[in-house]
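After the structure tokens below, expect a handful of questions from me.
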Amino acid sequence: MTAPVSAREILICSIAKLLDGSRHVAVGASSPIPAAGAMLLRALKDEMRAEKVRVSILGSVEHNFFTNGSAELFDCAGQGRIDAFFLGGGQIDGVGNINLVGVGDYPRSSVRWPGSFGSAYLYFVVPRVILFREEHTPRVFVDRVDFISAPGVSEPGVYRTGGPYALLTGKGLFSFDRTRPGFRLESVHPGHSLKEIKEATGFEFDHNDDLSITPTPDAATLKLLRGRVLDELHETYPDFAAQMRREISAGATSA
Amino acid sequence: MTAPVSAREILICSIAKLLDGSRHVAVGASSPIPAAGAMLLRALKDEMRAEKVRVSILGSVEHNFFTNGSAELFDCAGQGRIDAFFLGGGQIDGVGNINLVGVGDYPRSSVRWPGSFGSAYLYFVVPRVILFREEHTPRVFVDRVDFISAPGVSEPGVYRTGGPYALLTGKGLFSFDRTRPGFRLESVHPGHSLKEIKEATGFEFDHNDDLSITPTPDAATLKLLRGRVLDELHETYPDFAAQMRREISAGATSA
Amino acid sequence: MHTDLEALARQIEPGMRIALPVDYAGVSMAMTRPIIDHGASDLDLVCVPTGGLQVDMLVGAGLVRSVETSAVSLGEAGGAPRFNQAVRDGSIGLRDATCPAIHAGLMAAQKGSPFTAMRGLIGTDILKNRDDWRVIDNPFAQSGDPIVLIPAIHPDIAIFHAPMADRFGNVWIGRRRELAAMAYASKMTFVTVERIVDESLLASETLAAGTLPALYVSEIAVAPRGAWPYGLWGEYQTDTAELLRYAKAARTAEGFAAYMSGAVTEPAQ
Amino acid sequence: MHTDLEALARQIEPGMRIALPVDYAGVSMAMTRPIIDHGASDLDLVCVPTGGLQVDMLVGAGLVRSVETSAVSLGEAGGAPRFNQAVRDGSIGLRDATCPAIHAGLMAAQKGSPFTAMRGLIGTDILKNRDDWRVIDNPFAQSGDPIVLIPAIHPDIAIFHAPMADRFGNVWIGRRRELAAMAYASKMTFVTVERIVDESLLASETLAAGTLPALYVSEIAVAPRGAWPYGLWGEYQTDTAELLRYAKAARTAEGFAAYMSGAVTEPAQ
């Protein structure tokens, strides 16, 4: 009895697809789903005997290859050695601006989030930044962020080799068009609808009339994810990996 | 039979005096006499139970406390953590300019020396730079250097926390006046004369009418130099230390 | 060189600029209580490059005038409650930054340069709110190319925790090079360590590679498990339960006060 | 990853910019002969921050278009004869620098910045002859404060020698952090090593502290005593007699040619 594909597994597989072509993926601390996506891509490439994918997970001992202190991630990105990274945001708006600082008038934010971390740099220099936020509500996806930690696009003449590539939420997958600029809904995750996404999104976005459903992984990919990838994930995110394993075995039993 | 004080020993003791008040002295590679002077100061301060003097000798394993590659010396100086350093010069002129690059029209120097090393930075940021050149001839001490590796003085407004403090040669000891700017002969080493120094120096310099003789060390200082300092020096400059020891024992026998 | 925590704390004067490391790099939590007991206020904190429990406690104790940081949080235990409250109250100055800008400021100080240039930042509200930063046109570019200059950050004191020091004042920092950067940039550096070893850390090339030389270290004090409840790389793990306990208590000023006066402010041995 | 010296040399193309370390940091002398045999010319050498025997040999072999350096010499064995001759002949381009300027250029590349600001240099003939450097007025100063900007140095290849690498491509560089700076700044990095070890250098915090991660390493080849006649820190001493032998021979082009074709171009084992 194979357990049915879970929403999380669809997210992980979507991330692996978005990362395809990257040689070096960096993942921030406390990001188990992006980490799993990067590990899945690495495993898939290994199976295909394609060029190895390097995955650097901050805060991990096993998967952190840096030896020059906490500046090295940023140096490495500045050197063009990081192809893909993940950013979230307390608020994300329709032109790809992200806000990691707070709600209301800065500096006396009524809700204060931790802060911008490295976003104000990495968003400029990592070619493929994947915006990942599971919560898909109007308070997250706003018309205009209250504080720009990092802008989605820049004026001509501003040095920029990176920026938003896609936005993945709990409801759907968007691509980002830097020229327009704006998001385009590419697919809706199983169990969700365009109407629901429109209601949950505070900004306008493009979409086709007949929307795709975000694909579920094939059997081989699922096997890799539930095997090798969960094993690797366990080293850095033991709680998360254990939780996924429980889901899978519960699903297999009930299936 | 104590051996008579050698010319080298007078140089070493002169250097120790010039360094007095420094907490951290850095010494370049292949500079045994400056290194011995710095070690002598350290030993003298230890005897007096005064604040410890730190001596960093580049290229030494025992006396090199840097762990951040070859940039650290310059960083350290830029932080104001190096009080004294030594520079030489293929040419040195009367306003304290030094030339470590070559003779003739740059870039096709007729005589090429190795190059400026760190002088173009250290001369600006180390408060007490001691110019040390044993060879005292008109080809070294010129009216105007052919190439300025590092200038003796700078225009007002140029950031400068360091510069020449003294010039020690095989014949005499000069101080440097940054306001004039120029050198002033402070003392003539035993066995040399003002007339000889004037003939050997291609630039004008100040001096008193009745010139001092560079003092020879007292017995206690000499004992420290011939004991502990030569022992320490041996670790980094075994050939030089051995040669000095031979001189001392030959002197003691013939005395 | 080897002294007690209270003696170190007494060297902190009101209005000083204090550099503190990120959660996982070696936070000298052992110094937090002595600093609060000493009570020097109007401190300007520089988080390298982010802050956590120690920053939250110092803010909660009312000692902090401003925080320069890329983020403040308790990690898995959530937001930093006293810091967030102080932001809402407007009772501390905020100098929001981004991680590499903090590193850039320290690097300028390390190099004795007045500033470091860095990419990114253009068009952010971070830049808009930093009147101490400058934007110039890159002089090497053919056409207009705006670039941000971050001024040197010169803390008065850097404070961190490390696994070991030797009898000569050298401190082993391993691959946590940001601790060296903090020390290079700062006038004074206070280090608490798990233990003092007899042999010089500079005696072997292997250990020397991860050693901050005594030249940059002002004071060392022994504080076993001195990062607790944070972990220390290669030594012990973070005590997340304790972080959660703090996070819950410090939601209110009263809860914070109760936590700080409570008995459990030292690690279980 | 582990390949032979000739295969590495074949990746060098005419006109490339090659970064080479200072004498005592780990010079891959073992690569010198394969590079000369391969014969890619018009090389622009960057000495980090000074050069010696390897630079002199490459210049003597006619492969060098320009040298950016703070100095070139054979140390105790005196001046660099083929380099000095080429200067007199005007047959190579000279980009005289000062040590921290080379470090500053690499640092800019490491940081992804277009330039690094540095003090000093104002009023030197070094600056006067560097039209690739810029002087600006420090934007943070109240009144005029000229400061030099050094543009990023982006070598095509960095080449050095180190004591060991592991099977995963990590290289142990100890406290010779300039080797890391070279690798960070360069598109490719070729490393020769005394030996390959089985266990990952990143597996222990102690060794990791002195390790350049595989991420920055393009190629590794084993070359026992690969720095000879230079020494390698922690491994073996410089063979000064051999340096003197070279210095004497290379006073003339003929002597240089005879030395290079002679049998003794490998260390006695």
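The letters A, B, C and D name the chains in turn, as written, and every chain counts its residues from 1.
In this text, a contact is a pair of C-beta atoms (placed from the backbone, for glycine too) under 8 Å apart; a residue touches a chain by one contact, two chains touch by 3 or more.
Composition by chain, UniProt nomenclature: A, B, C, D = CoA synthetase.
This one's a predicted model, so the numbers in the text were calculated from it and none came from an experiment.
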item	value
Contacts common to subunit B (CoA synthetase) and subunit C (CoA synthetase) (chain labels)	D
Chain of greatest Cα-centre distance to subunit A (CoA synthetase)	B
Contact-richer chain pair (by C-beta pairs counted) among B-D and A-D	B-D
Centre-of-Cα separation between subunit D (CoA synthetase) and subunit C (CoA synthetase), whole angstrom	36
Between subunit C (CoA synthetase) and subunit A (CoA synthetase), distance of the C-alpha-averaged centres to the nearest whole Å	29
Distance between the centres, which are taken as Cα means, of subunit D (CoA synthetase) and subunit A (CoA synthetase), whole angstrom	40
Residues of subunit D (CoA synthetase) engaged with two or more neighbouring chains	100, 107, 111-113, 118-119, 145, 147, 175, 180, 208-210
Sequence positions of subunit A (CoA synthetase) contacting 2 or more other chains	66-68, 74-75, 78, 125
Touching chain combinations (by label order)	A-C, A-D, B-C, B-D, C-D
Subunit C (CoA synthetase) residues touching subunit D (CoA synthetase) - in the complex, by the definition given at the top	100, 104, 107-108, 111-119, 134, 136, 138-141, 145, 147, 149, 151, 173-175, 205-210, 233-234
Subunit D (CoA synthetase) residues within the subunit A (CoA synthetase) interface of the complex	109-113, 180, 184-185, 202, 208-216
Contact footprint of subunit C (CoA synthetase) on subunit A (CoA synthetase) as seen in their complex	29-30, 59, 66-72, 74-75, 78, 100-102, 106-110, 112-125, 147-151, 154-155, 157-159
Residue ranges of subunit C (CoA synthetase) touching subunit A (CoA synthetase) (in the complex, touch as defined)	22, 24-25, 48-50, 69-73, 75-76, 79-80, 83-84, 87-90, 94, 96-101, 103, 107, 118-127, 129, 143-147, 175-181
Subunit B (CoA synthetase) residues within the subunit C (CoA synthetase) interface of the complex	24, 54, 56, 65-68, 74-81, 125
